[in-house]
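Listed next: structures, encoded as C-alpha cells.
Both complexes shown next keep chain A, but they swap its partner, so chain B is in the first and chain C is in the second.
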Partner chain A sequence: MAEEKFEFTSKAKKTLSILAIVGIVLFGLGTYFASTADHSEEGGHAEEMHDGAIMSDGNDGAHVTEDADQDHFEGAEHTEAGHGGEHAGNPSWLKRIYANLWINNMYFVGLALLGVFFVAIQYVTQAGWSAALIRIPMSFGNWLPIGLILTLAIFFFGGHDIFHWTHDYLYDVNDPEYDSIIAGKQGYLNTPFFVARMVVYFVVWFLMFRWIRKKSLEEDLNGGESYFFKLRGISAGFIVFFAVTSSTSAWDWVLSIDTHWFSTMFGWYVFASWWVTALAAITLITVILKENGYLKIVNTGVLHDLGKFVFAFSIFWTYIWFSQFMLIYYSNIPEETVYFIERLSSDHYSIVFFVNLILNFFFPFLVFMPRDSKRHTVFLKIVTIIVLIGHWFDFYLMVTPGVMKENGGFGLLEIGMAIVFGVAFLFVALTGLSKYPLVAKNHPMIKEAEHHHVF
Partner chain B sequence: MEVTSPVREVLVTGNKTYHDVSHDICRHVEAKPNPKWMAAMALSLGALFVGGYALAITLWDGIGMWGLNKTVGWAWDITNFVWWVGIGHAGTLISAVLLLFRQKWRTSINRAAEAMTIFAVICALLFPLIHTGRPWLSFYWFVPIPNTWGSLWVNFHSPLLWDFFAISTYFTVSLVFWYIGLIPDFATIRDRATNKISKAIYGGLSFGWDGAAKTWQRYETVSLVLAGLATPLVLSVHTIVSMDFATSVIPGWHTTIFPPYFVAGAIFSGFAMVLTLMLVTRKVYNLEDYITINHIELMNIIIMITGSIVGVAYITELFMAWYSGVQYEQYAFLNRATGPYWWAYWSMMTCNVISPQLFWFKKIRTSLWATFILSIVVNIGMWFERFVIIVTSLHRDYLPSSWAMFSPTIYDMGIYLFSFGLFFTLFFSFAKFFPVINMAEVKAVLKSSSGEIENKK
Partner chain C sequence: MESGKNFIVGIFDDESVLLSAVKKVRGSDVKIHECYTPYPVHGLDDELGYKRSRISIAAFMFGITGTCLAFLMMIYMMGIDWPMIIGGKDHIAIPSFVPVGFEVTVLLSALGMVGTFFVISNLKPYGKPRIYDIRSTDDKHVMAIDLAKNSKSSDELNAILKDSGAVEINEKKF
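Presenting the complex of A and B:
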C-alpha cells in the first residue's frame, strides 16, 4: 500500500485564515453592539434585574429556605448588595465574552478529549471497521495543551464572572451574603483544589494521548501484532482514568456554574454531548477528506457505520437528557426544578431549549433513519454540521444562564467567537494530521476495514 | 470478501464441520435424560413445591404474612422483582445489542442467554403480581381496560403502570425473537428425528421450515428488525424500573442518574447469571469447543466494565448527596454506610465494585472456578444493591418517630425460593428439550472464525 499523507495545503490554510478573519470581524462587531447596548440601557438596568428577582421569588414562594436565596438567578441579588468591587464591576458585554470563551473552550476541549476516547475505545473493543480512519480522531488530541492554557487563562481572568462560588464573601459567616449551602461545598469547590484537578486532568489526558500516538506511529514503521496489544493496554488505562475524570471535570467546569444546583446525571450528560460532538466531527472530517481524494481505503460501509454512530448516540444523548429532565420535572423539588425554570421561563433561553432538542434529536433521528441517508456524503455532511451546531447550543444552554442570568444574548459576538475557535481547532488538528501517515498501514485490523461491508 | 484479522481469537475450536455442530448440540436433545439431569430437575421441583407452600399461604392469608410494616412497605418483594428483571437483561442484550455491534462471539451463548432472560422475566413478573395481595383482581389495576365505572382508570401517572407496559412489551419481543431464532434449529432436530412423535412435535415447532434461500432471507430480515426493536426495549425496561424509585421524593431514591445506572447494573447481573448457567451447561454437555475460554473472558470483561460503571454511579451518588447540601440526602447515604444496615451496604460495595476488579488479572478472568464463584458473588451483590436502595431509604424516613427495621419472615424467603424453583425448572426443561446453542448461527460464523484460521496460525 502506498503511504498516504495528508497535505495541509496553503490553499486550505488560506481559506481557514479568511474564515478566521471573518470570525474576528463578526466578533468585533458583536462586541461593539453589545457594549453600546449596555451603555444605552444602563439607566433601566438595575431596575430590570430587580424585577426579575421579585418575579422569581414569587414563583418560589413555597420554598424560601433560611439558608439560601433561591431566586432563579441567584447572582442577581449579590450584584445589588454592595460587593460591587469584585462582582458587579465587569460590564455585561465583558461577562458575555467570558461566558462565550468558556462555552467554546468546553466544547473544543471535549472534542479533543473524546477524539482520544474514540481511538481508545476502538482498540479496547478490537474494532476492525474503523482501523483506516483512526488517525483523524487521534489528531484532535493535539488541542489538549492549548485547552489547558485556555482553561487556566479564562478561569484566571473571568473566573469570578463565570463561577459564583469563587467569591470569598460567600464563605464568611459574618458577611450578609454568606451562603451556607455554597459554604458546605467549599471542600470541593475552592480555587486551589479546582486548579490542581484541572491541571491533573489535562496532563494525564495529554500524556496518555501522546503515548497512544507514539505507539501507533511506531507500529507504522515496525509492524507486527505486539503494538496492537500494547495499544489495547494503554487504551484501557486511558478509559479508566477517563471514566472518572469525564464526570468530575463536568462537575467542576459546568455543573458548578449553577452553584446551588445538582444532578447526579450531569457528568454523563456532558459526556453524551461531547461524545456525539466528537462522532459528528470525525464523520464530517472523514467525508471531507474523502471528497478531496484522500482515504480511498475508507469505503461506503465505514461511512455508513459512522452515520449509525451519530444516529445511535444522538438517541443516547436524548435518553440522558430526557431522564434527567423528566425525573426532575416529575419529582418537582424546588432546589432541582429551578435549573429548568430558569431556562424555560426566559423568552430567550426557552427558544434555545427547544432548538437544542430539534437539532440534536429530531433532526438526526429523522434524517438518519433511512439506510441510504447514512451512505451518501451529502446527508452525512448536512446532519453532522447540524449536530455540531446543535451541541454548541447545548453548551450554550448549560453555561450562559448561570453566568449571564436573564441577560444572555445571542448574536454576532457568539457566532464570531465560535468561528474563531473552530478555525483554531481545525488548524491545530489538521497540522497534527499532516505530520504522520493518514492511514495506520500496519494496524492488524486494516484489512478488515478495507473489506468492511455493511448490508 | 470478508476478512478476519489474525489478532482475533478463534470462536469455535476443534476443527468442527457443519455436521459436527449439528451432532454436538442435537444429541443432548435426542438422548434420554441422564440421572444428573433428573436429580437437578428434582431439586428444582422440590424448591418449587416448598416455596409454593409459602406462596399459597400468602395468597390465602394475605401479604400480612410478610415482614413489611407501616414504614417499610416494600422490601423483599420489590427487591426480588428488580433483581430478576435485571437478570432478564442479558439475553436480549447479547442477541440484539451485540448483533448490532457485530460481536460474533455472541452466537455460542445467545440461545441460552435469551432463554434465561425469558424465565427471569417470568420470575420477576410474579412479584408485582403477588404484592398486590389479590392478584386475581390485578387485571383491573394493571390493564387500562374500558370500563363502566366512569372515570375509574388505571393510574397513568404511576411508574408502576409504565412498568407493566415496558415489561410486557419486552417479554413479548424477547419471546418472539428467541422463538424465531429457534425455528431453523427445530427443523434440524426434525430432520434428524428417528421416531414419529419427535418428528411431529419438532416439525410443528419449526413451522414447516424448508431452508430455502428465500426463507433464510426472510429470517435474516426479521432478526434484524427484531434486534432494532429489542435494543431500545432493553434500555427501556430497567430505565422504567429505576423510575419506580427515582420519580419519588424519597432521599436515596430520587436521583437522576438512576436510569442508565440501573441499566448498567442489569447487564452486570444478567451476564453474571448467564455465566453461572453456561459454565455448568458447558461442562455437563461437553461444549468446550463452542463456549471457549475466550467467550468466558469476554463476558468477564463485560462484567468488569459494567461493574465499574455501577461503581462510578455509586460514587457519584455519594458525592452528590454531600455536594447537594440537602441534609436528608446526606443522612440517607450516611445511614446506608454506617446505620443499622451497614452490612448490606458493604456487602453490596464488596460484591459489586471490588470483586469484579479482580477480572483485571488475566489469570482470574480465564479461570473457570474463579469465574463461577465471582458470577455468584456478583448476583449476591446485586440483590443487596436493590435491598439497600429499597429498605435503607424507607426504614428511616422524614419522621424519626416512625423509624423502623425490616426483618423477613419465612414467607418472604419461601416465595424467593419459589422463584428459584420456577426459574431452574424452566431452565432445565429448556436445556433438555431445546438446542442450547444456536446451531444455525454458529454455522454462519464457522467459516470466518474457526479452524481454518487456527490452521493458518
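Presenting the complex of A and C:
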C-alpha cells in the first residue's frame, strides 16, 4: 500500500487564516458593541438593582423562612454589590469575554481529549472498522498542551469572574459575605488544589496521548502485532484515568461555576456532550478529507458507522440531559431547581435552552434515522455541523448563566471568538495530521477496515 | 393451500455453487421464488436482487403510533378523566409523561416489528409453513422457482438448474 500523507496545503492555510481574520474582526466588533452598550446602560443598571430590592422586600414579609435560602442563592449578586468597590468588579463586557473564553476552551479541550478517548476505545475493544481513520482523532490530542496553557491563563486572569468560589471572603466567618455552603466545600474547591488537579489532568492526558501516538507511529515503521497489544494496554490505562478525570474535570471546570448547585449526573452530562462533539468532528473531518481525495480506504460502510455513532450518542446525550432535568423537575427541591429556573425564566436563555434540544436531539435524531442519510456525505456534513454548533450552545448554557447571571448575551462577540478558536484548533490538529502517515498501514486490522461492510 | 402452486426445487451442496447458480439462473431470465439456506450466506441478498427490507419504516410507524397513544392515554387519564395533582405539578405535566411515552414507543415498535415479520413470513397459528425441502435446515441449500411465474417449461428449468450445479432437482406442489 502506498504511503498516504495529508498535505496541509498553503491554500487551506490561507482559507483558515482568512476565516480567523473574519473571526477576529467579528470579535472586535462584538466587543466594541458590548462595551458601548455597557456604558449607555449604566443608568439602567441602577434601576434594575432597585427593582431587585423591591422584589426581595416583598418576599421578606411573605416567606421569612425561605429568606435564608434565598440569601444563599443570591449570594453572588449581593457580593458584587457589597464588594464592588473593593474588587473593582470587572465590567459586564469583560466578564462576557471571560465567559466566552471559558466556553470555547472547555469545548475544544473536550474535543481534544475525546479524540484521544476515541482512539483508546478503538484499541481496547480491538475494533477493526475504524483502523483506517484512527489518525484523525489522534491528531486532536495535539491541542492538549495549548488547552492547558489557555485553561491556566483564563483561570488566572478571569478566575474571579468565572468562578464565584475563588473569592477569599466567602470563607471568612467574620465577613458579612461569609457563605457556609461554599465554605463547606473548601476541602475540594480551593485554588491550589484546583490548579494542581488541572495540571495533573492535562499532563497525564497529554503523556498518555504521546505514548499512544509514539507506539502507533512505531507500528507504521516496523509492523507486527506486538504494538497493537501494547497500544491496547496503554489505552486501557488511559480509559481508567479518563473515567475518573472526565467526571472530576467536569465538576471542576463547569459544575463549580454554579457553586451552590450540584448534580450527580453532571460528569456524565459533560462527557456526553464532549463525546458527541468529538464524534461529529471526526466524521466531518473524515468526510471532508475523503472528498478531497484522501482516505480512499475509508468506504461508505465506515462512514455509515460513524453516522450511527453520532446518531446513537446524540440520543445518549438526550438521555443524560433528560435524566438530569426530569429528576430535578420531579423532586422539585429548591437547591436543585434553581439551575433550571435560572435558564428557563430568562427570555434569552430559554430560547437557547430549546434551541439546544432541537439542534442536539430532534435534528440529528430525525435526519439520521433513515439508513441512506448516514451514507451520503451531504447529510453527514449537514448533521455533524449542526451537532457541532448545537453542543457549543450546550456549553454556552452551562457556563454563561452562572457567570453573567441574567445579563448574558449572544452576538458577534460569541460568533467571532468561536470561529477563532475553531480555526486555531483545526490549525493545530491538521498540522499534527500532516506530520505522519494518514493511514496506520501496519494496523493489524487495516484489511478489516478496508472491507468493512454494513447493511 | 389449495392453490396448487407448482415449484421446481433445486438442491445445492455448497454455498459458493449456490451463489454462482443464482447468478446464472437469474441471468437466463428465470425468476427465483426464494432461496433457503441452513445459515446466512453472505452476499446472497445482493445476488437475488433483493431490495432493502422496509421493516424499519414499519418500525417507525409503530413507534410513532406508540408515542401518540401513550401521550393520549396519559393526557386523558391524568388531565381529563380523573385529574390528580402529583408532586404539585400541572395535571398534564408533559416532562413526567416522557418516560412512559418512551417505553410505549419501544414496546409498540418492537411488538409491531415482530408481528409484521410473523405475518410476512407466514408464521401464524395453524398456518402451514411451506417446506420445500426439510434438508434446508440441516446441510443443503435450496432454491425454489415458481413455475407459474416463469414462462419456461419445467424441463427447461430442470436443464438450467442442472447446468448451474444443482445436485438434485425435485418438483414440489403446495
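Quick note on the criterion: the second predicted complex is superposed on the first by the 421 of 455 C-alpha atoms of A that agree within 3 Å, B and C clash if a C-alpha of one lies under 4 Å from a C-alpha of the other, contacts with A are read in each partner's own complex, and residues count from 1 in each chain.
Quick note on the criterion: a residue touches a chain if its C-beta (ideal position, glycine included) is under 8 Å from a C-beta of that chain, and two chains touch if they have at least 3 such contacts.
Note that this is a predicted model, so its numbers are computed, not measured.
A.B. asks: Does chain A have more residues touched by chain B or by chain C?
C.D. replies: Comparing touch counts on chain A for chain B and chain C gives B.
A.B. asks: Regarding the shared-chain residue A:S247, is it in contact with chain B (first), chain C (second), both, or neither?
C.D. replies: first
A.B. asks: Once chain A of both complexes is superposed, is A:Y330 in touch with chain B (first), chain C (second), both, or neither?
C.D. replies: both
A.B. asks: Which partner does A:F156 reach: the first (chain B), the second (chain C), both, or neither?
C.D. replies: Neither partner.
A.B. asks: Which partner does A:R371 reach: the first (chain B), the second (chain C), both, or neither?
C.D. replies: Only chain C; A:R371 stays clear of chain B.
A.B. asks: With the two structures laid over each other on chain A, which partner does A:M265 touch: chain B (first), chain C (second), both, or neither?
C.D. replies: After superposition on chain A, A:M265 lies in contact with chain B alone.
A.B. asks: Could you pull out which residues of chain A sit against chain B in one structure and against chain C in the other?
C.D. replies: 326, 330-331
A.B. asks: Please output the residues of chain A touching chain B within their complex, sorted ascending.
C.D. replies: 67, 125-126, 128-129, 180-181, 184-185, 188, 225, 228-229, 240, 243-244, 247, 251, 260, 262-268, 315, 319-320, 323-324, 326-328, 330-331, 333, 335, 444-445, 447-448, 450-451, 453
A.B. asks: Taking the complex as given, what residues does chain C use to touch chain A?
C.D. replies: Contacts found on chain C: 52, 56, 60, 87-89, 95-96, 98-99.
A.B. asks: Which stretch or stretches of chain B touch chain A in the complex?
C.D. replies: Listed in rising order, the residues are 1-8, 101-102, 232, 235, 239, 243, 246-249, 254-260, 308-309, 312-313, 316-317, 319-320, 323-326.
A.B. asks: Using the touch rule from the top, collect the residues of chain A that touch chain C in their complex.
C.D. replies: 322, 325-326, 329-332, 369-371
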